[in-house]
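Several structures are given next for inspection.
Next, two complexes with chain A in common: one pairs it with chain B, the other with chain C.
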Partner chain A sequence: MEMFQNPGLKKMIFSIQYHQPSTWEASLIEVQPVKTESNKTGKTSGKSRKQVLNPRTTKMTVDQDWMSVYPAAAPFKPSAVPLPIRMGYPVEKGVPMAKDGNLELIKIPNFLHLTPVAIKKHCGVLKDFCTEWPKALDSDEKCEKHFPIEIETSSYVSAGPSLYNPKARTVTLKIRLSKLNLNDHAKKKFIRLVGERYCKNTDLLTITTDRCPLQRQNYDYTMYLLTVLYHESWKTEDWEKKKTEADMEEYIWEKSRSEKNILKTLLQIKASEKTAEVTQEDLLCSEEVENYKKSVVALKNEGDTKNNLSHYKEAVKKLLKLI
Partner chain B sequence: MSRPGSNSWEAPVARVCPCIPGTGTRVMGDCSQAAVAGVPELLSACRGLHTSAACCKNRAARVRVGKGDKPVTYEQAHPPHYIAHRKGWLSLHTSNLDGEQGAAERTVEDVFIRKFLYGTFPGCLADEVVIKRRANQLVICMVVLQRLAPSKMYFLVGYTEALLSAFYKCPVRLCLQTLPAKQVYKYI
Partner chain C sequence: MMLRKVIRLISKSHKLDPGRLLHVNIRASQSIAVGLDAQIPGEKSRAISRTQESDPAKHEEQHLSQHYNIPLEEVKTIFPHGFPPRFGMQVKTFNEACLMVREPALELLHYLKNTNFANPAIRYVLYGEKGTGKTLTLCHAVHFCAKQDWLILHVPDAHSWMKNCPDLLQSTYNKERYDQPVKASTWLKNFKTSNEQFLNQIKIQQKYIWNKRDSIEEGRPLGEVVEQGLTRVRNASDAVGIVMKELKRQSSSGSFRLLVAVDGVNALWGKTTLKKEDKSLVAAEELTLVHNMKKMLSNDWHGGAIVMSLSQTGSLFKPRVAYLPQDLLGKEGFDDLDPFVPIQVYNYTPKEFESCIQYYLENRWLQHEKAHTEEGKKELLFLSNSNPWQLERLCAYL
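Now for the complex of A and B:
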């Protein structure tokens, strides 16, 4: 019973049984019947006298250091674990098999090397190799401000002698476009160049590469792509001047058909009313035209919502003085 | 199937007929039924294929019942359908998980290791060998009888570890457990 007062061992007591044994064997620790003590030279005298060592469990003290018994991950050793564990499906009117020579106990992975004391010691040793998180980076925004680029890579470990996993070479780069120094034209061109890789809602550009055989090469390739995209979006090619209205990403009112139409209409109205000559600039600056412009832009860019349509209706009424 | 009246003889195809396993019922091929029906041309030219239910019995990893004097270990006493119910797995590695590589290579390695150990420790293995893979390390757990002298045992262990490490280019560790005799689960 004294064995179980060791705090490290206490948490380890488990008995894998399918049947409750009739006698409570937890209080008894079976000792392997030993014939003789071991002889160092191993000479067998006369008829073979089996020279078998006493199991280590008989020599364990209550306050022993468990880490010396199980320093690392190891299979279950019945002679080193002082617990009367049984495992197996019992025969009829029987009990599960004892721990000696029990293959089931060997098959399963055990965590005898991971007592809380052992883990604490291990962490203490590892701490010498760790550096503290810089105190200046205490929030997500600060991290993003100083380190806008995010690189994601994965490495894989698997059973077997090979280090190489084909999935290990992908590299993903994430950056917000607001962190890059782009003017209006450059931003629009950039978004066109990257296409699907840009998410409008989060303003996040994600570039994933795996075309090179090494992770290092893929990383260099992503940085190269970012650089090229940035510089190319700042350049204006000759053929960009041929941008038509159909190519525009969003609706711009200036120099549009709607502007021309409304000016023509208003001029005609003024001419028919025979009022003083009003110039185009005056018309453009007037409040009604401004309102109309806003409503048309909203309709074209955002679509037909109830709000937009009612806004357009009011603007038109005011413009044509129909109220 | 030769049609009645035709002179050509076609080899009868063995049929797996539904029958109660365990009973020694014989099922005759259709050829002989035609002969039984009394078609004269076929009586001499046809031979029926007799299949019996004993051939359909599953024999995989099963120790056949004896007189009650055959000792079997826990591993031998449980047929394969008890794996994951009453038995664990003898070989543990991650290659059989979804998306992992190298399952076939690990299996072939396991087969070789078992044969190798069966030969290297002649008559000493009390039970099956358990093979575990931890990252690239190979941990081989064996339950061995105390038949050999300890010095010989140590030599064989070192020899196995060195040879297998050289073969598989990864660290190999042998973990032995010695017993005076095989652990008998029951007598069948």
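Now for the complex of A and C:
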């Protein structure tokens, strides 16, 4: 009070100077109390201003325990992260914004709690709860051979209003169809039943379920689905006999239009040449017809390519005896 | 001085056999065409772009990439419907019809020359990217067969049967099908012009009843059926059907040889844009003309050949880049035409390109100063990518 009754007293401003450590080597910096200049004279000057502490970064050593700074997933705290990060779109003739009060850095997810050291420590703690990996299964092929079915489940632990995470229900089953004992018809039917879930390139069937409330129930459901698909695909229904050419997955030459055409043509040629009676089987077994058959199947299954078309041309020329 | 030399050359050439390929003759004709004052561009660049051999039967490998002339009277009889529109314009402008002798055409002619007429008719399908010359190759083959006195059944563009037909009639013969009187009668007229000499020789072998009053007896010449179709336009489509049936039956007997040439054959298995009264689309199969044509294209007759070309231009509902047989014909078309010999028609080879440019230069079609220079030619080659159709369109502006 007395101080301010004396108008002649200079108001003291202490300037703030703290060195930002430019490298990881941070030196201990002296703490200096900060006082802001109060514009108003009089009553407010008596109250002491709230002391703003120096940021934590100034007190960090190089060999500190980072896990204690970020023990769990936490938003980015500029005062706790000693990195001089800049993020943001720069104004003209400027640089990106610094980290203090930078909303962009807070918005994005950070993995500061998952440094390799932290993960190693986590794993070390979890190891007590794990069993050892069997030594015999040291390669992927052996794993697949003995355990063809792969089940993927996720468990979530979090402290929140509810312990139950809805994503924990999903169960994914993956199996290669070659491991299942399916014949030709069964395999085609299986693929048709399963539809989108089968990938032709990797021969992998993926079934994902989450229709039951519990993970256990979903797992039972996927195993049930697999069993049902397997047994159904082995059965042949009555209406399957009505499968037309349009339903066929690939082109089969036997009993097709192409076969009929070529047989008719060849028989006519033979008739005109007045050679001895040749039966259909003989015609079908001849080499030229085999070549023709291969080229037509290639054309139909793979589409028109230069190769296919030239094979077809050669085959037809040989068959029709064109020079 | 130049003029006297040229005259002497011409007089010399007249003494020699006109049928032989003469460098001198060509030089003379070239110089006259180009103009005596114009500089003939260097000797080496004057690749021979013309040949005197106008009979396709004698076209051999040495005539490759050269243009041969079809006399205009033959054009009127063999191609009464005319050529494809742009080529037709070119013919009119230059006052001559010149086709280039190309590799696919020679291959096709080779097969046609060696046809065994006792065997079922072989089907040849010309395919290729847009504008590579399939239609003109077909015309070349048609000219060959006409010169060899075959009976020509030529459909210039099957796509035109699938669209733009305001007068669709329900067929009297078969209630399910639809007639196209105008298109059928145009076709009959052209057929008559091109095959005049055969129409009286061929006699029909069955009695056909048009309606209650009209009928045509067995043994009458085919010409009468055609006449009936032309006069009674309502019956034109049925007349076409009768003509095709009779020709198919009788070609096997060996009295004449039959060439069936169809351009744009993929139209027969495609969609139409014609609508019935209840606004539903007509399927291709429901048109009488198409139905009869498909019967013609099957290979259960002998004594001739079937040459077809696929065409995306003018096709309905097919993407622009489609040119391969299965893409354009579809599954049904392929099955119907199987087995066929596919022949691919390519863009111009460098030699053919050179020859085409020379032809245009000779006829003074290219007026641009840079057209005969090397850079000009390179530029044209690059812009057109050796595609004949593109090149023709580019040159039209020059």
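Here, the second predicted complex is superposed on the first by the 191 of 323 C-alpha atoms of A that agree within 3 Å, B and C clash if a C-alpha of one lies under 4 Å from a C-alpha of the other, contacts with A are read in each partner's own complex, and residues count from 1 in each chain.
By definition in this document, a contact is a pair of C-beta atoms (placed from the backbone, for glycine too) under 8 Å apart; a residue touches a chain by one contact, two chains touch by 3 or more.
None of these values were measured; they are calculated from a predicted model.
Enquirer: Report for A:165: first if it touches chain B alone, second if chain C alone, otherwise both or neither.
Expert: A:165: touches chain B, not chain C.
Enquirer: Which partner does A:107 contact after superposing on A: first (chain B), second (chain C), both, neither?
Expert: In the superposition, A:107 contacts chain B only.
Enquirer: Have a look at where A:74 lands relative to chain B and chain C in the superposition and call it first, second, both or neither.
Expert: First partner only.
Enquirer: In the superposed arrangement, does A:317 touch chain B (first), chain C (second), both or neither?
Expert: A:317 contacts chain C only, not chain B.
Enquirer: Thinking of the overlay built on chain A, is A:157 touched by chain B (first), by chain C (second), by both, or by neither?
Expert: first
Enquirer: After the superposition on A, what does A:130 contact: first (chain B), second (chain C), both or neither?
Expert: The answer is neither, since A:130 touches no partner chain.
Enquirer: Name the residues of chain A shared by its contacts with chain B and its contacts with chain C.
Expert: Looking at chain A, the two contact sets are disjoint.
Enquirer: Using the touch rule from the top, collect the residues of chain A that touch chain B in their complex.
Expert: Within the complex, chain A contacts chain B at residues 42, 44, 50-52, 73-75, 77-79, 88-89, 91, 97, 100-104, 106-109, 157-162, 165-166.
Enquirer: State the interface residues of chain A toward chain C in the complex, per the touch definition above.
Expert: Going by the criterion above, the answer is residues 256-258, 261-262, 264-265, 268-269, 272-273, 292, 296, 299-300, 303-304, 309, 312-313, 316-317, 319-323.
Enquirer: Chain A touches which residues of chain B in the complex?
Expert: Touch residues, chain B against chain A: 73-75, 78, 82, 86-90, 92-95, 100-102, 105-106, 126-128, 130, 132-136, 139, 141, 143, 146, 149-151, 168-170, 175, 177-180, 182-183, 185-186.
Enquirer: Flag every residue of chain C that touches chain A in the complex, lowest number first.
Expert: Residues of chain C touching chain A: 110-111, 114, 116, 118-120, 122, 299-300, 302, 324-327, 334-336, 338-344.
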